[in-house]
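Each in structure tokens, the structures are laid out below.
Both complexes shown next keep chain A, but they swap its partner, so chain B is in the first and chain C is in the second.
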Partner chain A sequence: MLYLELLIQGLVQGGIYTLIALGLTLVYGLLRILHVAHAALFTLGGYLGVILTNATGSLALAMVLTMLVTGVVGMGVYRVAYQPILDKPPYVALIASIALFIASEEIYRLVFGPYGLSYDAPPLQGVIDLFGSGMYLKQAELLVLAGTGAALIGLHLLSTRTRIGIAWRATVTDPEMAASFGIRTQRVRYLNFFIGSALAAAAGVMVALLNNLVEPTMGSVPSYKALAIIVLGGIGSIRGTLIASLALGVIESFGTIYLGSLLDRDAIAFAFLILVLMWRPQGLLGRT
Partner chain B sequence: MGYEITLATSMCISVVFALSLNLITGFCGQISLGHAAFFGVGAYTAALSSQAGLAFPLDLLAAAAAAAVFGFIVGLSSLRVRHDFLAITTMGFGFLFLGVVRQQDWLGGEMGISAIPGSGLSKLGYLGFVAAVAVAVALFSAYLKRSWLGFSFAAIADDEDTARVVALDVARYKLLAFVLGTAIAGIAGGLYAHHVRFISPDSFGFVESIAVLSMVIVGGIGSVPGVVFAALVLTALPLWFQVIEDYKLLLYSALLFIMMQLCEDGIGGLMRRLMQGRRRTT
Partner chain C sequence: MTTPMIRPALLGLMLALTAGPALAETAKIGFNAPLTGFAAADGNSARIGAELAVEQANADGGINGQQIELVVYDDQASPKSAVPIANKLIEKDQVVVGVSGSYSGATRAASGVFQAAGVPYIAAYAVHPDITRSGDYVFRTSFVGEVQGRAGAKLIGETLGKKRVVVITLKNDFGQSLAAGFKEKAADYGIEVVAEYEYGIKDRQFGAIVAKVKDDNPDAIYASGYFFTAAPLVSQLRSGGVTVPVIGQEGYDSQKFIEIAQDNAEGIIITTSLDRDSDAAPTRTFIEAFEGKAGFKADMVAASAHTATNVAIEAMRAAGTTDRAAIRDAIAGLTLEASTGTISFNELGEVQKNVQVQVVQDGDWHRHSVISDAELLAPPAE
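Coming up: the complex of A and B.
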């Protein structure tokens, strides 16, 4: 029973990781930028979710608005922070991104206060008895699992069934070739940032539901953990990101029980990452 | 006066630390996001060995040796993964170090190690010692950059595959860069342990790794005078900014962001362009 419970907790955490890391892997696939500031959008999503839910009283409405607004902010981040430095060495964008992330944490602290916010009446806190087996799952946790599944199916349909999705995949494969076929690669990049940021915002709202708390530093763990995940999965591979996120979630949840006296949660995740990279330098599903 | 001496000592330790990363990232082109771990290995080694009775300057050598051993291991990973993958792997080593230290009682766990013996020198004397180390490391870096070894490092930083084609033993030079750089970081850590005389895992985290990387990048990656200048200024800056306490980090990160947008080759690159401009006009 304990095993099953740990497994489900791990999958819920893995679902959150997936939603955050998807945007990151999309950005890396397209621009080869390690977008640390992605976690800033996750935090923004958490704040907007709580504020809008408290204002409108509807979680669904708040979720949609949050994803839209954060998506647009993500496009702004691309325009202001990355577009001017795309042709410079990769470490430039990395440092700019880290600086932006630190600045964002400070801005959240100054604007929303250092102690964080909570829902007035936290929604989806009821528990469901799973299979009548005496195993309980919070509704919010179920939402995470369903949301992750929906995001993956949506992304799959978008990238295989729509014109913009095909343009997107073409641009990832070879930007110059795509441009020569008349694809407006600039538009693809904006779309990329919009979708990635909206997914991170959704993850932010869900984490806020699970903990009933948003605080300025809630993005600092995801900021580096998500980087580890996209590298682990094989950079630019969506399937790899999914597998890596879920695997990391499960390994952390078992590891903290069985290895907790030796290593803390982050160290377990990174020990796993290093072992995998020494075995497969290109990541689990990466191509050389 | 005591405050100024303490600040100056911290600034000199930062110079040693930043130059050690500059050797790996600047000269040899191997990015590291976990450099604070080696600083930490040095600090813990110096703290424990001096508590065990090792005399002051000798325990710095122990710190350098311990850090170099870990540097060698991380260096081995740089033979397997490159660029962004290496950045994430080194970041992983940083977290692994923190995770292990936090859970080990003999390393003080979360509480850290306190009552580390001092250097036996007066405050001013210790500043003199640290400054001498900083100058020595700076001169060594400048020498290294012009040497045959530095030339090989530059070739690897430029294009690893081409370096291999012209029969450079890339693996050996990379390992050497990691061992040298991390040994110096270990010395910096040892100096830090004797300076503050209390260490805890929080002083060697991801933020510190980023801070030292920003010193190297703001200074101009690979430029020795630039990195020295950036290490001095960026260490003193947060303290000068204490007047505007609440906005300190915001200002610091905004500066870094603007720097990256406007002149990514840092102070060193800026100086170089100024000099070239002057030469062209004359």
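Coming up: the complex of A and C.
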């Protein structure tokens, strides 16, 4: 019973990790950039979600608007920060990304204030008694699980059933060959940033629902943990990202309880990362 | 362009400005607080509290006719920034007294610099025991964590009569010193600590801990944290089906805690320094003036920074000079009716005062009780 509850809590956390890390994996797969500033878009999503929900009174409307706006901001980040330096070595983009992320935290603090924001009337706070067993799950936690599933199914359909999705996969595999077949790789990149950023924004809104708090620094843990997840999953692999996210969520959940006095949550996550990399240096599903 | 005629005048002005406190027109109090970074919310409250103390004193005519100036620097709650800031306050700004509106790491680093320079330094709300051990020029206006932890044990075991307790500890010097004080006295009040969990300051998701606490089935929970960790923790405990009393400390003490946790905040009890229902004039005036100035309700951090700054002002007034040694002696001998109650200092420079117990009722902090057991609350003396 306790174990089942710990497992479910781990999967909820894993779902959040999945939504954040997917965008990072997509960007790395396409451009070989470690997009640390991705976590800034997660924070932006959290803020927009709270502000728009408070303004419109509708979480659903706020969620859609937040994903659209953050997606477009993500495209802007690519255009302004990455596109001009794509021909430079990868560390140049990494440094730009880290700088952008640090700047974003202070910008959020200046614009939205240091105290963080909360929903006036937090939606989806009702609890569901699972199997009538005294095991409670918040509606917001169900939304995380459902949202993660929906995002994965949506990505799968997009990449297998649509022209732009096939063009996307072709560009990931071999950008030059894809371009020579007439694929507009620039459009594919914009799409990539749009989808990745929109998913991070959704994660931001969901975390805001779980905590009823968005803060300027809420992206600081995801910024490095999402990197650990994509390395763990095998860099650039979507399926690997999913497995690594869920595994990490569950391991942290049990680890907090049974190893908490020795190692804190982040230390448990990184110890797990090191163990896996010793056994499979290419990550869980990475190709050698 | 400076013409040759103006240049000597400028030089004279610069000399006058750097000539030292004896010629300065204002008496300067140095203030370091985290105005950016993760602790910016607390730093901002503290800054407004300190500014309010200075404004109130200046409105009353300043100190012996001299106006007071608060020199504020942002230390980002980082020891690395605090040391150069302490040096700058002492060397460049020539402050008469320093006040820390910052966390333990930064305060502890700066306290050594102030001690070495022989400039009094007052920590408003930093809890690490080593801060006052820097020397006889360093004082503190808030409880060390251990003292507040002991008060928590009395509150749970005696006042509330709860005996099976789960301890949830924020893994930093604040949380760990609270837990140490709590566990030290727990047995004296018949409390059995059934389990203890720790979390990091960046954690906001406590699903796993909630599941385990439910399984432990305690009578009460003693949980340390700041409002931004405690509000999600309390909310998640409540929506996870844990209904037993949750007892916190001054880290919860902010209106923001209630805004975040909303209905889940109701009935949460904390040990702190600010009594919202106090009849004492300094506390009443502070609470009203702070809300007017800041636009939000006063919290423990603001009240502590206000108190610490007032200690500096009163000591400067009592000493009647800007001589640092005289001011240090004045602080050591001071008994002050402050916004956080009647305070004085022991031989180590630790504050002696009552613990205020507050509870959330109808969306506001209110008085629950007061703990005034001088023996239990005796701060460390060496």
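In this section, the second predicted complex is superposed on the first by the 288 of 288 C-alpha atoms of A that agree within 3 Å, B and C clash if a C-alpha of one lies under 4 Å from a C-alpha of the other, contacts with A are read in each partner's own complex, and residues count from 1 in each chain.
By definition in this document, contacts are C-beta pairs under 8 Å (C-beta built on N, C-alpha and C of every residue); 3 or more make two chains touch, one makes a residue touch a chain.
These numbers were taken from a predicted model, which means no experiment stands behind them.
By the touch criterion defined above, A:Asp264 reaches both chain B and chain C. In the superposed model, A:Leu157 lies in contact with neither chain B nor chain C.
Look at A:Ile85: by the touch rule set out above, it reaches chain B but stays clear of chain C.
In the superposition on chain A, A:Gln13 contacts chain C only, with no contact to chain B. Of the two partner chains placed by superposition, only chain C is touched by A:Tyr136; chain B is not.
Shared-chain residue A:Ala55: touches no atom of chain B or chain C.
By the touch criterion defined above, A:Ile128 lies against neither chain B nor chain C after alignment on the C-alpha atoms of chain A. By the touch criterion stated above, A:Ala146 is placed in contact with neither chain B nor chain C. Looking at the shared chain after the overlay, A:Pro281 reaches chain B, while chain C stays out of its contact range. Common to the chain B-facing and chain C-facing surfaces of chain A are residues 106, 260-261, 264-266.
Residues 36-38, 40-41, 43-44, 171, 196-200, 202-205, 207-212, 214-215, 228, 231-232, 235-236, 239-241, 256, 259-262, 296 of chain C are the ones touching chain A in the complex.
Touching chain C in their complex are the following residues of chain A: 1-2, 5-6, 8-10, 12-13, 16, 106, 109, 114-116, 118, 122, 125, 127, 134, 136, 138, 141, 207, 210-213, 215-218, 220-221, 252-254, 256-257, 260-261, 264-266. Listed in rising order, the residues of chain B touching chain A in the complex are 31, 77, 80-81, 83-85, 87-89, 91-93, 95-96, 98-100, 102-103, 206, 210, 213-214, 217, 221, 246-247, 249-250, 252-254, 256-257, 260-261, 264. Chain contact summary for the complex, chain A toward chain B: residues 28, 32, 34, 81, 84-85, 88-96, 98-100, 102-103, 105-107, 110, 224, 227-228, 231, 235, 260-271, 273-274, 277-278, 281-283.
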